[in-house]
Amino acid sequence: MLGDLHVEILIIGGGPAGLAAAVAAKNAGVQDILIVERDRMLGGILNQCIHNGFGLHTFREELTGPEYAARFIARVKELEIPYLLNTMVMSVGSDRTVTLMGRETGVKKIKADAVILAMGCRERPRGALSIPGYRPAGIYTAGTAQRLMNIEGYSIGKRAVILGSGDIGLIMARRLTLEGAEVLAVAELMPYSGGLKRNIVQCLNDYGIPLLLSHTVVDIRGKERVSGVTIAEVDEKRNPIPGTEQDYECDTLLLSCGLLPENELTRMTNASLSTVTGGAVVNDRLQTDIPGIFACGNVLHVHDLVDYVSEEAALAGENAAAYVKGAGAASGDPEQIRIETEGGVRYTVPQQIDIRNMRDEITLRFRVADVYKDKTIAVYKGEEKLYSRRTRVLAPGEMEQVKLTREKLGDFAPGEVLKITLE
Amino acid sequence: METRELTCINCPLGCALTVSIDGGNITVKGNTCPRGEIYGKKEVTDPTRTVTSTVPVSGGDIARVPVKTAGDIPKGKIFEVMKEVHAAHAAAPVAIGDVIVENAAGTGVNVVAARDVAAV
Amino acid sequence: MAMRDVTVIGGGVVGCAVARELSAWDLDILLVEKEEDVCSGTSKANSAIVHAGFDAAPGSLKAKFNVLGSRMMAGIAKELDVPYVNNQSMVLAVGNDDAAGIRDLYDRGIKNGVEGLKVLTGDEARELEPALSKEVTAALLAETGAIVCPFELTAAYAECAASNGAEFRFLSEVTGLRKIDGGYELELSDGGKIQTRYVVNAAGIYADIIHNMVSEKKLSITARKGSYLLMDKEAASTVGRTIFRVPGKMGKGVLVTPTVHGNLMSGPTADDEPDRDNTATTADALSQIKSKASEMVENVPFKVVITSFAGLRAHEAGGDFVLGECGDAPGFYDAAGIESPGLTAAPAIGVFLANEIAKASGAGKKADYRPERKGIPAVSAMSDEERAALIEKDPDYGKIVCRCESVTEGEIREAIRRKPGARSMDGIKRRVRAGMGRCQAGFCTPRVMEILSEELGVPMEEIRKNRPGSELLI
């Protein structure tokens, strides 16, 4: 069973990140690639994202999730990149030995020259929110509800309340409405939405579904099935304000309260994780501090747009290819340039730049901590301002990016850092 | 003159648009691209949307095929289109772009498959 | 109507333990349970602790059966293939707590016959458990303290009883009970009637209602609600031992403990609850757990809480277990008022009641009694070689369904095929942990529903979380 198998690049996950990484690695000249997917089909979460809005950036047209996935799956097939379905990666070592398990696969150990982590993310469950009350049937995370409705075609409820205004929650508000269910309200703990503005317009406003900002669910009723929830307004410390409770009679509560990068396997590699993103710490090559282990897509940090996942993953694929051919340093390398964040910038990906090996241009992706109006995004090297851009609105729900050229970055003195801030 | 504040839904930027309607003369401000102007004008005169859903498929390797309107349909027709989508079903094999509902709700727009379904 | 030998009312850990021990005798046994599965009441929502036995008052039934049960548990867990870890426990005096309380507990433990007790200074305690608060002034170490999986223990007792001939009847609440010639007649909510020579009352928080149907010596049970927070496995290394606070006026109070599956748990609170079906948590209770736990252990990682839940303990007005044949109802045996240390005591209660009934009935030992039960193979705990061999035999064990806990399709199917087997999402979760992990069933719900639907031969619309009315699709 445990033969001495070997591949040049092993990609964990056959969703949008894994597919784009595979295509890019192959195009960069690596022949021996394997994609390992746990589900019964390639495409990952895109298979259940039947709504449109994907691909504007990549393909200059508006596609549904399955259509967007199909384009990448077609490329993988054209390029004859091998993949395993229904196969789970059980472990990954820092030596890039990967153990697979599957019904047909059995148990296999594969040694890879490079590993690309592309496992995606999962949803924050009810328990993590500590919502008091009963624990009846009818409480779903938005993504689970989406799968049951869109892949299997089941009806998950007739009258729903949604907690959290993340994009999946907003999309599901519209989806439920179109399928004949009634969505009473979307409650959002924060004073701003966690989703894209366009989704508030076309998923809530179009159907008259109220968005209750600074509100949360404080009680769940129903011993067998959900029979109702109580929503209350919260103060600036996000504590419920007594006297503002309102009861909603409903049979379903959907939760769309954030996505968490799924880094169980990353931990096994001993790669350093960021406490802010929940994903690995990477350099501009998207390499973790374990040599030959790369990360991209939602396992690295949660994205809003699949287009940027594809772009990032393609970069990981190219860099993994370069690594296999013998180039590049891991992100733990002390000679790399650290990127510090200030003034409301929560994190950047990458967190470090391998300045000696960097490409002509790199993209820093980041999120901000709050809603900011009329701010300037600025990047400094010491006192020197390398970049600035005026913005009208910055919001935590929308990822921002800054492109920096090698030319602009110039040379760094030892210990000198790059700083990104809002002013 | 009437003005309306809209959020452009063309792309994730979600530009805040100010649309002024002065008789037949409509002007859009706040857009960062030409598509924003088109959206703004259309949204106050003839708002349209793409509708997506799923349809059961028989004999396929998956149980349901995702579908979408091949183009935008009038916003007011969304539920009529959905009624026809709910009544529809498909038989494998299905290819992306196959027409599932022709001329949905008289809009002149077809509902088409959004993924391939292999026959088993 | 044929007369049964014994009817056990209640499929919690005590009822199932009694059924298993009775099944060693030549008796025909029926267990009736009002819920859809075993382990659906107090047994599913408690601290999962095997108490050493220093807490109960010397001379009480609680003290006696605690110590007996604690001594039996490792052996039972082995025989029934149930996760059990002798992780030890520690009682702390913190801040202004009366450190003499530690000495009192030690003395009480010695009187109760508890072995392996040691009094420690605060520093000695912190040496063993570095996460303990700097405010800890003294501690009692109990080397026999342990943890066990209450779900699997209950299911294992039930499976072992069933394999030795005991029958189980679910969704059957006892609505009436009367003395008849040579025994009792039970009326069930499913419309059925049962005549039986002996009755075992293991009805948990409803045991007073059952008891009072046949006895003039009334019992009075109060449902005492305890809420808990369960933390991710990444919190597992916080403490190795089960950590208690020296008991105050409010009982044993909140503990911090690892679980046998490597999570960290904290609770319970104690609030009397007039509605015996009210297992709702409250914001107050959850924040109480956090503040009390934090007084004992530093930096309890509450940010990795994966779920909260509440259970109801059956507190009898007399304050002790009520065990044995009821004085004014011959043939009616109580196992009532089973609150903490009930889980610990269950193996001893099972043997005690079974022996009493066997003696009264004159039944002999069953020649072909099989005391062992083999657990459902846990792929997550296997080596690669063991996994490969198992998949070779049954490929379903190669398909991971629950990612967080690495539970395979084979395990889920086996949980349903066992007798008595899982009939619901919760039944699966308790038996094989699918949905018990950090994503709390987000990913595996659709697939587990499909497997239940296939195995039970019912449409997806009939798949339930637990009792009727808890269907997932509507």
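First chain written, first letter: the chains are A, B and C, and each begins at residue 1.
Rule of thumb we're sticking to: a contact is a pair of C-beta atoms (placed from the backbone, for glycine too) under 8 Å apart; a residue touches a chain by one contact, two chains touch by 3 or more.
What you see is a predicted model; the values in this text were computed from it and never measured.
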Chain occupying the most central position, where position means C-alpha average: A
Maximum centroid distance from chain A, chain identifier (CA atoms): C
Distance from the mean Cα position of chain C to that of chain A, given in whole angstrom: 39
Distance from chain C to chain B - Cα centre to Cα centre, in angstrom: 54
Chain A and chain B, separation of their C-alpha mean positions in angstrom: 26
Residues within chain A bordering two or more other chains: 151-152
Overlap residues in chain B, where contacts from two or more other chains coincide: none
Chain A partner contacts - residues on chain B that touch it in the complex: 6-12, 14, 16, 49-54, 56, 62-64, 66, 68, 75, 78-79, 82, 96, 114-116
Residues of chain A that touch chain B when the two form their complex: 41, 50-53, 56, 62, 64-67, 69-70, 149-153, 178-179, 196-198, 200-202, 206, 304-305, 392, 398
Of chain A, residues touching chain C in the complex: 1-2, 38, 86, 88, 90, 99, 101-107, 109, 122-123, 125-128, 130, 132-138, 140-141, 143-144, 147-148, 151-152, 154-158, 218-221, 223-225, 240, 251
Residues of chain C defined as touching chain A within the complex: 229-230, 277, 279-283, 285-286, 304-309, 384-385, 387-388, 391-392, 395-396, 398-400, 403, 406, 409, 438-443, 445-446, 460-461, 464-474
